[in-house]
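So that you can tell them apart, the chains are marked A, B and C in the order they are listed, and the count of residues begins at 1 in each.
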Amino acid sequence: MSKAFFQVDDLNTWFFTRKGTIKSVRDISFDVSRGEVLGIVGESGSGKSVTGMSIMGQIDEPGRIVSGSISLNGEELTKLDFEEMRRYRGNRIAMVFQNPLMTLNPLMRVRDQMYEAIGAHEDVPRNAMHKRCIEALRAVGIPSPEERLNAYPHEMSGGMRQRVVIAIALLLGPDLIIADEPTTALDVTIQAQIIYQIRRQIDERGLGMIWITHDLSTLSELADRIMVMYAGAMMEIGTTEEIIGGARHPYTRKLLDSVPSRNVPGEKLKQIPGNMPSLMALGEGCPFASRCERVTEICREPVPATQLSDTHRIWCLHPFEN
Amino acid sequence: MNEPIFEANDLSRSFTVGSSPFRDLANHFLHDRQPTVLRAVDNVSITLAEGETLGVVGESGCGKSTLARLIAGILPVSSGERRFRGEAYESLLARKRDALKIQMVFQDPLSSLNPRLRVGEIVGEAAVLHGVVPRAKVKDYVVEILARVGLPADSVGRYPHQFSGGQRQRVGIARALAVKPQMLICDEAVAALDVSVQAQIINLLMDIKRDSGLAMIFISHDLGVIRHLCDRVAVMYLGRVVELAKTSELFASPTHPYTRMLLEGMPKISMQRRKFMPIQGEIPSPLNPPAGCHFHPRCPIATDHCREIRPELREIKPGHMHACLNIEAR
Amino acid sequence: MNIADFQDFARRFAESRSAVISLAVSVLFIVCAVFAPLLAPTDPYDLTQLQLSDALKPTGSKRMLPGEEVRANIRVDGGTASVQPASPTPTRLSIVASPCGPNCLAVGVEPPDAKLASLQVRNLPAGATVEGGRKHPIQPWWTLDNPDSNQARITSAGPLPAGLTLLAIAKSLEQETGFVFRLGTDNFGRDMLSAILYGIRISVYVGLVAAGAAMVLGTALGLLAAWRGGVADAVIMRAVDFMLGLPALLVGLAILAILGNGVSKVVLAVVIVQWSYYARTARSFAISELGKEYVEAARCLRLSPVRIMLRHVLPNCMPQIIVLFTLNIAAAISMESSLSFLGVGLPLTRPSLGMLIASGYEFIFSQKYWISIYPGIVLLVMIVAMNLLGDRLRDLNNPRLDR
């Protein structure tokens, strides 16, 4: 395994609301290496998006990073002030959201938005900017990029827009791209195209990527490693083979089993009973305990991590045997 | 196949984009440019047998949601006919009590429930108004229906925002069941739900179908869900049905090039990283679809006459139909 | 909305101190409006209470009783004197006379502590004088100016002739009463405090009734436009555009110029101007609600269109409409005041705040500021309070501004 350049250690991000403290992210630790895609999978409320926002330094009131460290190339990001973080954003770390219209300004041509992104961090002559934009658009598989540069976001399809957003993310040659459900809103054929292009860029440029999604199927085809989150906590992390082929955590197993394509058509799906517990009323123990069939009394106590292999870690006291 | 519960012949629905009475008047005198016509559903013919589940699958803009609303009778057709148990919709919809036999479950678990009404009223309102149940007994009746979809009795007095996404979708299903439907249309009913909740709702729908023998039309973009739930599948592309076959047959041996592309693009849980086929081309705008076969710009086997001739849906094997000029039965 | 929701709503509302103050001020104004007849020290509509001598009095001055002139004939007969009042109208003072010695007659007033400007005795015989008095150069009239004792002592060398008839004329000074004009008076001598309280009553009435009627009419038309679409929508919305295109005050002026003034006509003018805001808002929110799936579900449940609109769509548009209502009350109040200021709103006898401001306008440069300033402050506070209230409600309705 190549050396990790990006590390998150014991991250806690909590939201202090009127109704109580929501512990959205609790004790999350992971790292990303160059040329690697780390998938974070979880259901809504699992804290996967908050993890991404914490890395970007975009946690707004009433939330804040309570403890933990985030380091990129050895530099601590949680200590940076707003202005320093702004320089990091886009330049060293870029983010892609589910809805491209969150990133794109509807009133600006693609070209101007791309120029602006470069200009915010570097001083580059216009013709050099132009060349870089064309390259970035070509890299994400946009046909006739010269023409697209002059277009407004509304003149493009959803898939095209998302490609433009990814092109902007690539523009400044970041070390790390965080993608939060980037293809969820897209049709399967378009999704397949974009994933293909992204994988190629990661491999060619040696970037690190964090791909946040609820969709295990997409992850299994794209990610090198997968981290499973539930109710703000890590359940299991390992290589794609270890997670998809040999999941040991009951939650991961259940999640995999509830995907329709892994069930016999026409028969009842294997489902997880119940609902995710409220993030405000979590005890010390395993958050999945209330829905787990292997639960025992000791699951109410804090669960330590178990290292199963160099890459495979699990937070469960009653894991499945392989 | 036994007598169909629902039948659609050459169903079409167009929308005029950017039209208003005054603008139309102005256009009439000034010979301004014609308003754009969007053919959301274009000559679709399908049948649904008693107790059958028909899947309709397609990408965004293919007209599957419009088709759902045409079948539900909440959107008028531009042309074509709809029949429920042999009776044309025009006369059926005039008798409200009978029109209730066709019900629908919607995609968005939040916006499909009126936020100002309590669950008891959401579920019981229509049943009382149409005399399905006397007003005095409605509370017990609603509790009974809620129990069927797995919600506790105290849900009656609560508001939609007090429920989770999956529970809201259960309320939506209960609302449809409360008027004793015979045909249920599910429009992306599990698309907005998490995987584990999605499994719960799919199981619930399967239970309901098994217990009551409801005929179902299940509309989704998710091939995995369609494959799991449906007996037959219709694949739609830009308003037209391009392939229609038994589920097992469609997934085992798709014939239409678009269906094949769709199945290839479908993400599967696999152990090894997939070698992605760079599929080329965007979905054209439904406002201005390509002439002839709508799929020809993206089709690997398109020929010149695909650009001119509209392929009709034809049977290539018993029970397997597709709309492609170039592929014959194998 | 259940109790818990309401409590939550109240808590969120209370997070803005200005909103709480605005609510308190608005409630205060409504109380003033309802209980104006009990709170006001005078009835400004009662024209008989007005006296011109009170006009344009500054803040804090007391109501004055004007000075009066009392006449009486005094007939002296030997040792006695009889007084016959000779004033044409009844008076508060009366004149008394009594002998004060063999050759002495005292003429005084009742009550004795009244402040007199002068006391004059006429027709004194030759040789008789009034102590400390001053004689008229020609006539036999003796006058005491600002007498301290309120008594004229007539003395003569010999006894006063029997059958002598004197005429006594007492002029009293202006006299303060206990009644204080706390906010001064206007040019008719009206107590400003009472006039303002009654003015608030009119403003609140016009604001609530006009904005309410406009809300009902406009919302109904907006829902109709949203539901029917097509021609009905086009006609209603073009009418809305037309109304919104005209300056509100100008429309109000034109309507009142035709109909004449009066409260009900002002209300009508405000409704004609304001319905279009509600129609536009109701239509746009109804259209967005109609696009939601719960409305499709209601259609699929074969509910009647009227039921769908009133039971499902309208309640979901109400929060926005109520916000508009709050803001439009302020606009209605301001419009009524403007029209009254311009002289077409309400009749002179029923002063509203706007008219009070207008009537003080001509005196403001002669330092008689209170006639315009106090109603102006009240109007300002009322409108600002209603606007702040409306803004807060709008913020609470916008989930994006609230966590």
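Criterion: a residue touches a chain if its C-beta (ideal position, glycine included) is under 8 Å from a C-beta of that chain, and two chains touch if they have at least 3 such contacts.
Just so it is clear, the structure is predicted and the values come from calculations on it, not from any experiment.
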item: Leader among chain pairs (count of C-beta contacts); value: A-B
item: Of all other chains, the one whose Cα centre sits farthest from chain A; value: C
item: CA centroid of chain B to CA centroid of chain C, Å; value: 67
item: Centroid spacing, where centroids are CA-atom means, of chain A and chain B in whole angstrom; value: 32
item: In chain B, residues with contacts to at least two other chains; value: none
item: Footprint of chain C on chain B - complex, ascending; value: 20-22, 69, 72-74, 93, 96-97, 99-100, 102-104, 106-108, 111-117, 125-126, 129-130, 159, 172, 175-176, 179
item: Complex contact set, residues of chain B against chain A; value: 59-60, 164-167, 194-200, 202-203, 206, 221-225, 227-229, 247-248, 261-262, 264-274, 276-280, 282-283, 285
item: Residues of chain C that touch chain B when the two form their complex; value: 2, 230-231, 234, 238, 292-294, 296-303, 307, 312, 315-316
item: Chain B-touching residues of chain A, taken from the complex the two chains share; value: 43-44, 141, 157-160, 187-193, 195-197, 199, 214-218, 220-222, 224, 240-241, 244-245, 254-256, 258-263, 265-266, 268-273, 275-276
